[in-house]
Amino acid sequence: MDSIGRKRWVIAEGYIPDGSMAGADETLISHEAACILNTGDEDAEVEITIFFTDREPAGPYRLSVEARRTRHLRFNDLDHPERVPRGTSYASVIESDRPIVVQHTRLDSRAAEISLMTTMAFAAD
Amino acid sequence: MDSIGRKRWVIAEGYIPDGSMAGADETLISHEAACILNTGDEDAEVEITIFFTDREPAGPYRLSVEARRTRHLRFNDLDHPERVPRGTSYASVIESDRPIVVQHTRLDSRAAEISLMTTMAFAAD
Amino acid sequence: MDSIGRKRWVIAEGYIPDGSMAGADETLISHEAACILNTGDEDAEVEITIFFTDREPAGPYRLSVEARRTRHLRFNDLDHPERVPRGTSYASVIESDRPIVVQHTRLDSRAAEISLMTTMAFAAD
Amino acid sequence: MDSIGRKRWVIAEGYIPDGSMAGADETLISHEAACILNTGDEDAEVEITIFFTDREPAGPYRLSVEARRTRHLRFNDLDHPERVPRGTSYASVIESDRPIVVQHTRLDSRAAEISLMTTMAFAAD
């Protein structure tokens, strides 16, 4: 299959809930994800920049998405150059050297039950 | 980074739930947000117009989104020229003098648990 | 403000949950809505066609969205030419004689809590 | 009505929750769906390819969507050429020989309550 998608995507909403339900296993911990698909035959090199409300942007966060693979990246796991703060509003720009598709999902388990939301990211090129 | 996005966005769904779970802190109060990202190097001046089902539109509501910042605007906080009513259907048009990206999110905590939904706004230019 | 949007929109997901939480008031009854915004200075005449999995389409359902107004149409309320069945998968095409913006939302209160989801409809022209 | 939509769609997020609430009937079992609408007068032949994080893609999964019909396909039901694993991240590309519209929905009932999310798929042609 050929490469599908765009090279620049934006997620304007960002927020990692600070806390999770008691006894949550890893799949149920509050998290926010950028689900990235690379349908092409070459690895995609991706850079993420995180924007905040009251300070300069952080990043770039660098990662690869291998050829013909999807990567469901949790913002919770971004540690370099710095950790993404919990309970803080942010936004992100995701840039790739090859076409990819990006979808945004949050699972919030601060209360006793989980709540989900998702949207395609905004294709900006 | 250069300016990313569009100058006019639409959110056709709008509704601030009238009520919240007992003991909700500020993050868990029922609210509706327009998450706005300005990646550019100059501040964006934004005007929001609110449409209703049975009266003329309200606004413009004016705000700034600083350069290289995101602003997660709660419709709950819009007070001038008038407060956005609770428990009332509305819609909004968000216009900016510079490219921005807008995402719509609602957190509803009228019941004992929270429920979330989100979507990219409609880019109308 | 001028007319914003498109004249043809599609919602591929459709399902009115059959049942609601005990004691739900009207705002909490399980429902599915097409939120329509007409920013223009003339009324929009809208026709909705409902598609099913195993029978010919129903409609057109006709309604108006007045100038400078939003209408949050519940599919639950569509009665003519026929009622939209509960607990049944459907899809819808929304056509207007003037540009509008359409957003799809479902509130499901079959369980003790509510769950929400939303997305912009697909702009098909 | 003429054919509406596109011939290639992408859903970057994919995950069938592994488990459901006690006593869930079929409508409440955790599932993920691609809701497909074919408004045209000829059947659409659809092929789905599933991408994973750590192995080569699976598929194509073949199905038809009849003329003037919608099909709310559960990924849970895809069995040939192989079952879609539960509790595993995936992504999907949906290709059709005629224009269709695709919307992505998940119902998660692992906890005592259900949670919903939806988005239009990304139109990639």
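A, B, C and D are the chain letters, set down in written order, and residue numbers restart from 1 in every chain.
Everything below uses one rule, namely that a residue touches a chain if its C-beta (ideal position, glycine included) is under 8 Å from a C-beta of that chain, and two chains touch if they have at least 3 such contacts.
Nothing here was measured: the structure is a model prediction, and the numbers come from that model.
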Fitting subunit A to subunit C on CA atoms, where both chains share a sequence, rotation angle to nearest 5 degrees: 180
Duplicate of the B-C contact set - from C-D, A-C or B-D, the pair where over half of the pairs recur: C-D
Subunit B and subunit D: spacing of chain centres that average the CA atoms, whole Å: 30
Rounded Å distance between subunit A and subunit B, as computed from the means of their C-alpha atoms: 21
Contacts with two or more other chains, residues of subunit A listed in rising order: 112-113, 115-120
Residues of subunit B that touch subunit C when the two form their complex: 8, 10-15, 17, 49, 51-54, 56-57, 87, 89-91, 93, 104, 106, 108, 110-113, 115-122, 124
Subunit D partner contacts - residues on subunit A that touch it in the complex: 1, 4-5, 21, 27-28, 33, 35-37, 39, 68-72, 101-103, 105, 112-120, 123
Contact footprint of subunit C on subunit A as seen in their complex: 113, 115, 117, 119
